[in-house]
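In the two complexes that follow, subunit A is the common piece, with subunit B as its partner first and subunit C second.
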Partner chain A sequence: MRRLFLSGLKGGVGTTTILANLATALVQAGESVTCIDLDSKNELRLHFAHAWDNATGWSNLAERAFDEAAFVDQDGVKFIPHGHGDSSLSEKQRMIKTTRNLDCNEDEWVLFDLPSYASAESFELQHDDVLVRVVNCDVNCHSLINQRVFQQTTIPEYLLINRFNGAVDIEVEIARMWRQKLPRVLPVFVHQDEILKEALAYKNVGYNCAPYSVIKDDFQALISWLQMHYAKASP
Partner chain B sequence: MNEKPYSTSKFTWLLSLFLTPISINWLVQRYHFFFQNCRYSVFNSVLFSLVSALLCGIFKMDKLAPKSEFFIYYPQLKPHIVRPGDWLRFAIQSLYLVFMSEKPRVAQREKRERSIWFIVPYLLQFLIKLDSVISSTFRRAIGKHYDSERTMFKSLARAQFWEAPRIRTLILVVFCALLIVLITVPFSLSAQAIFMALILFVAYSLRGIQGRMSTMIMVTLSITISSRYIWWRLTETLNWGDPFALFLGFGLLAAEIYAWVILILGFFQTIHPLERKPVVLPKDTSLWPSVDVYIPTYNEPLSVVKPTVIAALALDWPEDKLNIYVLDDGKREEFREFAQQVGANYLIRPNNHHAKAGNLNHAMKHTDGELIAIFDCDHIPVRSFLQMTVGQFLKDEKMCLVQTPHHFFSADPFEKNLNNFAKVPNENMLFYGLIQDGNDMWDATFFCGSCAVLRRSALDDIGGFAVETVTEDAHTALKMQRKGYHTAYINIPQAAGLATDSLSTHVGQRIRWARGMAQILRLDNPLAGKGLSLAQRLCYLNATLHFFAGVPRIVFLTAPLAFIYFDAYIIFAPFMAILLYVVPSLVQVKITNSRIQGKWRYSFWGEVYETVLAWYILKPTTMALIMPHKGKFNVTQKGGLTEKDFYDWDISKPYLVLAIFNVVGLVIGFGRLGVSDAVQIGILIISMAWSLYNLMIIGAAICVATEARQVRKSHRIGCHFPAIIYTSSGHTIKTIVTDFSNSGVGIDLPTEGLVKHGEKIQLLISRGRKQFSFTSDVVNVTKSRVGLRLHALSPEKERQYIECTFCRADAWLGWQENFAHDLPSENFKHIVRVSFRGFKSLFLHAPKSAQPFVKALIQLVELIDSFLPRKPLDKDKIKNEFY
Partner chain C sequence: MNDYVEINEQHQLQDIVSKYQLFAEIEQCVHSTEQPASSEKP
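Right, the complex of A and B next:
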């Protein structure tokens, strides 16, 4: 089981969108994927065309009632919505632990949508888990990165730049600076593309809607990087 | 009969009495095609449909389909235009089609491929296979280890006894003796015929076989046959009885001997091109040497120099080990400012002694890099230039020079005026594609003034760049090689520049080279002096002798006239003997050269290039031989704009004189045909054929002097690399960049309709991990192909743009592969066409008073030509053109 945790450095950087697109891209590349939404905003499901008024989710169902909470979208992505309502930190921790017992094969990808305030410590991630922080190339994120001391835990936090627009000078400058100074900025990034916004209006992911967009390449590059990373970590 | 479908016209009703409905339908269709689609008159349409029906019905020309294929069979008829007399053209062509039973050319080609001669290579392959089978069985029989790789031939070739010096000398002596016998023994005419037929047969059968071995055999045959020819000329063909003819005959013989020497030297030079590969640099960059990049400039505009300096700054090399120097002999303030702004050094000197060489020598005194890279100010290097070249210096301590090819992304005057850019290999390609690589085999690569890296210590050893001649580059290399240093050539284009832009500047540049090489021959003769190996001497000798081609070329262009005008037998031999010696030798030499040089120089083009220069290099080379110290350095101008077509009367004067001599000669020749006796007629015909051939070459030279208009100020350069665009709506699209220039980019989108004309978009190009953006307007949309015009670039953006385009390591790599191997017959036809165009343009640019007469003449010729029957067009070709 390959567990990937995605979390925004702050709210609104596009974590959920990235996760939904990545899951679709993985499925289309022939992988088996389960997504679990740990954010009480319960937004992930919208990308997978889940009925808007369906309040079901792991947080408001009795324990181990995954059968009822899990859905499969048209592409074949399995996902467990958070469900309407709130969940405490301990409930989330329990949920993460429960997934360890999921009945699935070695190659299964399990993608977690973590809320932005979550820290790596609090979820007791294991050494073969990957935690990716989604950031935007702007001064806010730069300031947050500098404020926050990246703890040298067993689980390193990787930075994935989202909504990168190479035509904006300041973004290019900030990206260049991060690449030079920060140790774990992913070599791949996701370009800014309006299609990601528009796709949600069709209850779909941008990956499916824009055959000519460069984000297709971006996600494929991201998948390659992840596969390489897991291959390196597993033996 | 059912009349209903045809009741629309009485005519079809009338037909229905005789024909079936299908045929009538077919006829009506055809009539409508001519009447409506091709806008022919009623009369013509009826006529054409009836005759094509006849052709189809009676003569079974079933491929004559009604629609567009009609014009494949009738190329002289054009849709939409009806000229008077079209029915006559139609009739003539129909008769031609019926009686010649011409199929389109596709079928013909298939037939040619089934020719019996194609058996020969298969036969040889079969023999080689047989050899391998027999030898392996033999080995197995005597119990040796079975090895399919070791055939009898190979084991013979690798045997130890070849290494023994005595055996080698013995074989060499026997071989040379045999050669001398073959060259010098006089044959009877029939024996000569058999001998030549034998040689040509062997050569022809070797044609289809790849590999160096068969090339060597071809070369041996060519040397034998041409030496035999020269021997025959020396011993049997001089007219001792007639002093005037003897004098002219000696002239021709001298020219022939020159050509023969150059031929043999050329074979020697290119027999085994080295094709050296770059040496990988060590991982540890502290071991890399420091490099100074010199960019000498004199009077070129800043816009030409700018990209070169920017590209030099972007070379992949440790920053603390790379220094860029702009060496400005023009001493211009704007250059100083520019250099300061981008971070290059700027050097000037108090005087301008010794032109470029002096400029470089001055710079050497003020810099201290271990290696010196030199770029002419218009040669833009790619980022990998130093990575590709410097390894050689680390591998070999005595390496003093690594040269890379000069590649030009704009059309040179030949390519521009003949409109064959990227279709026919240009004049340079033979030298940089083959000759330098061949020189490298003999450690005789020489410096070409730009796109090269030199070792400072080696230069110091010879006292800096050579200043004695106007070609300081070749002379510098020669001097270094005399000291025992090695040179290398890497045939990977690592820089590109502008070609000379007009014929007169091109000729000017070549005059300088010719003068310089002649000076070297005189002042520092490669045959004399210390330090060179024999092979090096021969390679340098060929390089210098090559520029003396002026006199011999003019002799060849006028030689046949000696007999026509003066009745002088300059080759004093019977008609059959001339035919049997000259023609096979020429054919054999042409075939061999085409085989060796075919990828870089097409047949007959060399003669055109030489003819254009012949008159102009004649004087400077002769002068340099007599007074080697005279003559100054003239700077080659580049980057200009020709605003409209014009004919360069000044430069074409010598060709015009030659053309007139030859035309008058042909006229006289025709006149003499009637009054000559049988002995003379043969010689006369040979002379006239030769003169006609000369006229063809001169015509091509005349065509080159028609200066074509140069529309774009910045040249479009073809390429293929990925990029991204941001549309104005904020969407990204993956694209391929197909061409670029200083101010615009052509891209190919994955599908149509993704951008609109006039839309403002962002173009993102990646370089390594970095991405650069360029704001541009969509100025042209044709299906998925889109033309972009870049918004004015800031200095910083301009730097990025040059780094993303001109400096790409792969920018010029595919260039040489565009050319197919030479096909002599095709190129002969090509030259004939070019030649006709040359004479036509001569008439078109004739003085005003002669214009009406000339126009009428041309119209008359075209009119007659339009009535002549033609071969049906090539279907594939038409499709390609439409595509």
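Right, the complex of A and C next:
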């Protein structure tokens, strides 16, 4: 099982959108994928054409049972919504631990949408897990990244730049600084593209809506990086 | 050639940092925090 955790460095950087598109891209590349929404905003499911008024999710089932809260979208992405209930940190931790018992093959990708306010340490990730922090190339993220440098987190966090616009000088300059100074900035950017916003209105992902777009290339490049990373990490 | 590229990149980085007040402030703060740790090394 390949467990990938995505979390925004701050709210609103596009983590859920990245996760939904990545899951679709992986499935279309022949991989088997399960997505689990750990964010009480419960928005991941909308990318997978889930009914807006469907409140079902792992957080509002008495037994926190996977089967009753699991759905499959038109592309074959399996997803478990958070549900309209709230969930404590310990319930989220339990949910993460429970995924180890999922009945799936060892090549299954399990993608977690973590809330941005959660610290990496609190989720007790294991050495073969991958944590990706989604960031935008803006001054707020630059400030937050440097605050995190002071914290010296023990779990390695990769940074994925989302909504990159190469026509904006300060974005190019910030990206250049990060790539020179920070050790784990992914060599892949996800470029700004309106199709990612528009696709949600159709309850779909941009990856499906724009076959010749730059973001399609971006997600394919991201998949390649992830596959290489897990291949290197596996014994 | 590689040295030239590295020096050029360092210059670019310094130019960016000095161009913006907040970046310069952050850089100064990060640098001053890192300084004691490196001076402890033999």
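Assume the second predicted complex is superposed on the first by the 229 of 235 C-alpha atoms of A that agree within 3 Å, B and C clash if a C-alpha of one lies under 4 Å from a C-alpha of the other, contacts with A are read in each partner's own complex, and residues count from 1 in each chain.
Definition applied: a contact is a pair of C-beta atoms (placed from the backbone, for glycine too) under 8 Å apart; a residue touches a chain by one contact, two chains touch by 3 or more.
Just so you know, these numbers come straight off a predicted model, no measurement behind them.
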Which of subunit B and subunit C A:E173 touches, first, second, both or neither: second
Contacts of A:V214 with subunit B and subunit C, given as first, second, both or neither: first
Subunit B versus subunit C as contact partner of A:K181, first or second or both or neither: second
Partner chain in contact with A:D193 - subunit B first, subunit C second, else both or neither: first
Dominant contact partner of subunit A by residue count, subunit C or subunit B: B
Partner chain(s) touched by A:S143 [first = subunit B, second = subunit C, both, neither]: second
Residues of subunit A that lie at the interface with subunit B and also at the interface with subunit C: 176
Complex contacts: residues of subunit A adjacent to subunit C: 139, 142-143, 146, 149-150, 170, 173, 176-177, 180-181
Footprint of subunit A on subunit B - complex, ascending: 724, 726, 729-734, 749-751, 754, 762, 764, 769-773, 775
Interfacial residue positions of subunit C with respect to subunit A in the complex: 9, 12-13, 16-17, 19-20, 22-23, 26, 29-30, 33
Subunit A to subunit B touching residues, read off their complex: 165-167, 172, 176, 179, 187, 191-195, 210-217
